[in-house]
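Here come two complexes built around chain A, the first alongside chain B, the second alongside chain C.
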Partner chain A sequence: MAEISFPLPDLGEGLIEATVLEWLVSEGQQVERNQPLVEVETSKSAVELPSPQAGKVVRTFGRPGDRINVGEPLIVFEVPDDTAGIVGTVPKDEAPKRRVRLSAVLDED
Partner chain B sequence: MSGRHTGGQHSHTVEGTDPQLYVQVHDPASDAGLRPVLLLHGFSSSSKLNWEDTGWVAALLEAGRRVITVDLPGHGRSGAPEDRDSYAPSRIRADLLQIAFDAGVRPLQDGDPSSGLDVVGYSMGSRLAWEFGATQPEIVHRLVLGGPNIADPLAAFDLVAAQDYLADGTPIADESTAGLLKMAQLLPSNNIFALLSLIEAIKAEPYDPAEAVPHMPMLLVAGEKDDRAATMPQLAELGIKAGSMAEQLVLPGRNHTNAITSRAFKQGAINFLAV
Partner chain C sequence: MSNAIVESGATVRHGAEEGGPGENGREQLSMQQALNRALDEVLAESPKTLVFGEDCGRLGGVFRITDGLQAKYGETRVFDTPLAESGILGMAVGLAMAGFQPIPEVQFDGFAYPAINQIVCQIGRMNYRSRGTLPMPITLRVPSFGGIRAPEHHGESLEALFAHVPGLKVVSPSNPHEAYHLLKYAATRPDPVIFMEPKSRYWQKDGVDVSHGGSPTGAKVMRPGRHLTLVAWGAMVGRCLQVADLAAEDGVDVEVLDLRWLKPIDAETLATSVRKTRRAVVVHEAPLTSGLGAEVAQLITQGCFDTLKAPVERVTGFDVPYPSGDLEDEYIPNIDRILNGIQRVLEYRRG
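Showing the complex of A and B:
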């Protein structure tokens, strides 16, 4: 199993922080992608954040009333090892298939 | 989120001029066979802010409901007509009725749960929903009124002070006016002059909930700390006196801004409308 951490996403409009209103999932719970995770309030509005990931919730950050900055950890999921790459893939260690020609070939075209 | 989305500016004219309203119809992946739900957002908000970002559209689709959203004039992706008449609550109600019919809403029929329309409003949207329910009993099945108020706070808005402030920064003495204008200016997408036209039109047609009371069942919902909805019990009383079944739901710890995302609110509405 692997753990994936998600930060509080950029909420647009230049907002840099949000206050947790209510968690809709709890630690240990299995959630689906797009399932509502948490309600947060910004200086402009209240929003419900859907889950970017399916998996088991390992940890949530912030209790109701706590402020979280954009980019700070919000939630950690546990996912099977072979699906961890959905978020960021590590390039395989093999020879590149394409080459970039660094010098111009003057006699073509 | 699932379902097909059709969006676009509504172009069926009711009173000769195009209201330029942005309408979206969201179809659920699995239809519960119940009538559509029309969502009416609040002042200085939009369907996206009030209903999509808050999880309402997704929750209703998940419950198998077909959802109709409309951005009010001067809000969201709707146009901002220059004439004041486009912002009159009576004109908006006429346009909403046309939008409902264009979306396939049929008059209520006994024994047909897919006939008619349910309406959910928030704040100013609740005022429109109240009036819409009172004037369209043939199609409105049930109402959910969030953050409702017996008087429209926009009617007391000091337009002259707001215009002075926008022109040269003269401070606004009235706290409610200053607060509403600040809220309207927070979102760069708002057309501030269109919103002032709306306020002007609302002043010309003040909200009088006692004048026309909806008779269909209604659920009134407000945050415990929502000062703008402190008069909710009076609205419920009006409804009950008129023979409506008026239920009230108070959301602990919530205020006028953050009541909208509340799961208890959404679930309460979904249950109330699932008949």
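Showing the complex of A and C:
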């Protein structure tokens, strides 16, 4: 298994921090991509952050009322090694399929 | 061999066998884990080794090959670079001049193109140009070939391009065991090595014997056979082993030769295999024209002309840009295309 950390992104033009209002997921919970993770408040608005990926929540950072700077860790996911890549998919190891048959007289001259 | 090569291609050393942690037996590791461990050990053994590239540091690499290494060895030895491949390789040249052993990464093979000038004009010939005073002990890791349904530039097959450059060595592992030992060997060479990792094989687990790697140079018979030799490298070795199993159902005993080193090519092992089987098919993902299969076919012809039963057959990608994900299955040699290639060789009759 691999751990992937997701830092607090810039939630608006040049915002530097956000305040945690409420965590919508808890440590140990399996989350899906786009599932709301946390409600945070910036100097512009309160927003729900969707999960950037599927995975098991290992750690969350900040309790309600705590401030987190942009770029600091917000949440850590645990994902299987074979889905830890970012681009492309992991090929499935399937039983080989064939249509072509070989026919040959293997004369040993 | 060109003057640019510090170490002769014929030299066989067993250095990679000495560096293991001394465990016996085979461990089940994925190629990603095997490469990660090899880098970890190389970093631990040589303080002059540096690992860097896009997302190699904090993230641990998009394929997680450098996972955990920055935390263990610090930001001065394992670090992120800007998105500028010419800069990554140019920095590798300067670091090599200053006595370091750089292990840079280009994140995907298609991103190597912006660094071709540094690879060809500097890394490949600095030792030659400096009359041996500035060797380039650089190991360039290139996640290579297709098979993961990635977008354009994320799947290429550049071995012929690199193999054509005097001064470079090129190697591609086919399984986790080879990956571990070949990377440890490549990383400690005095010459630049292009290390082509088959990205479609990163995640499958297989046995790795860390203490017994076998010879780290030359080609390797992965399956012995009597009737025909399939020559392949990287991800195509696994596919050829599947084909060999299927051919056995039809009574055809196929030998699978993993070329491993694509520069220099082990012509002797190639000829030994085909002198025995008298028939050969070479398989690669790269386009046919001027692909490395032509070089392999010529080396076989030269070594086995008097006993060959048929011209060497090539089963390859097509002469088109490497397609994006949806068309990959049509482009990469599949089991039936390889079996057809074998059948053409089996059917060939002189005169």
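What we mean here is this: the second predicted complex is superposed on the first by the 86 of 109 C-alpha atoms of A that agree within 3 Å, B and C clash if a C-alpha of one lies under 4 Å from a C-alpha of the other, contacts with A are read in each partner's own complex, and residues count from 1 in each chain.
We take it that a contact is a pair of C-beta atoms (placed from the backbone, for glycine too) under 8 Å apart; a residue touches a chain by one contact, two chains touch by 3 or more.
For clarity, every value in this text was computed on a predicted model and none was experimentally measured.
Taking chain B and chain C in turn and counting the residues of chain A each one touches, the greater count comes from C.
Shared-chain residue A:N34: touches chain B; no touch with chain C. Once the two complexes are overlaid on the shared chain, A:E13 sits against chain B while remaining clear of chain C. Looking at the shared chain after the overlay, A:A2 reaches chain C, while chain B stays out of its contact range.
Considering their complex, residues 1, 45, 49, 53-55, 58-59, 186-188, 257-258, 260-263 of chain B touch chain A. The touching residues of chain A, counted against chain B in their complex, run 13, 21-22, 24, 34, 36, 39, 41, 43-48, 50.
Residues 30, 32-33, 60, 62-64, 67, 108, 147-151, 154-155, 199-200, 202-204, 227, 242-243, 245-247, 250-252, 325, 335-336, 339-340, 342-343, 346-347 of chain C touch chain A in their complex. Residues of chain A that touch chain C in their complex: 2, 81-82, 84-91, 93, 96-104, 106.
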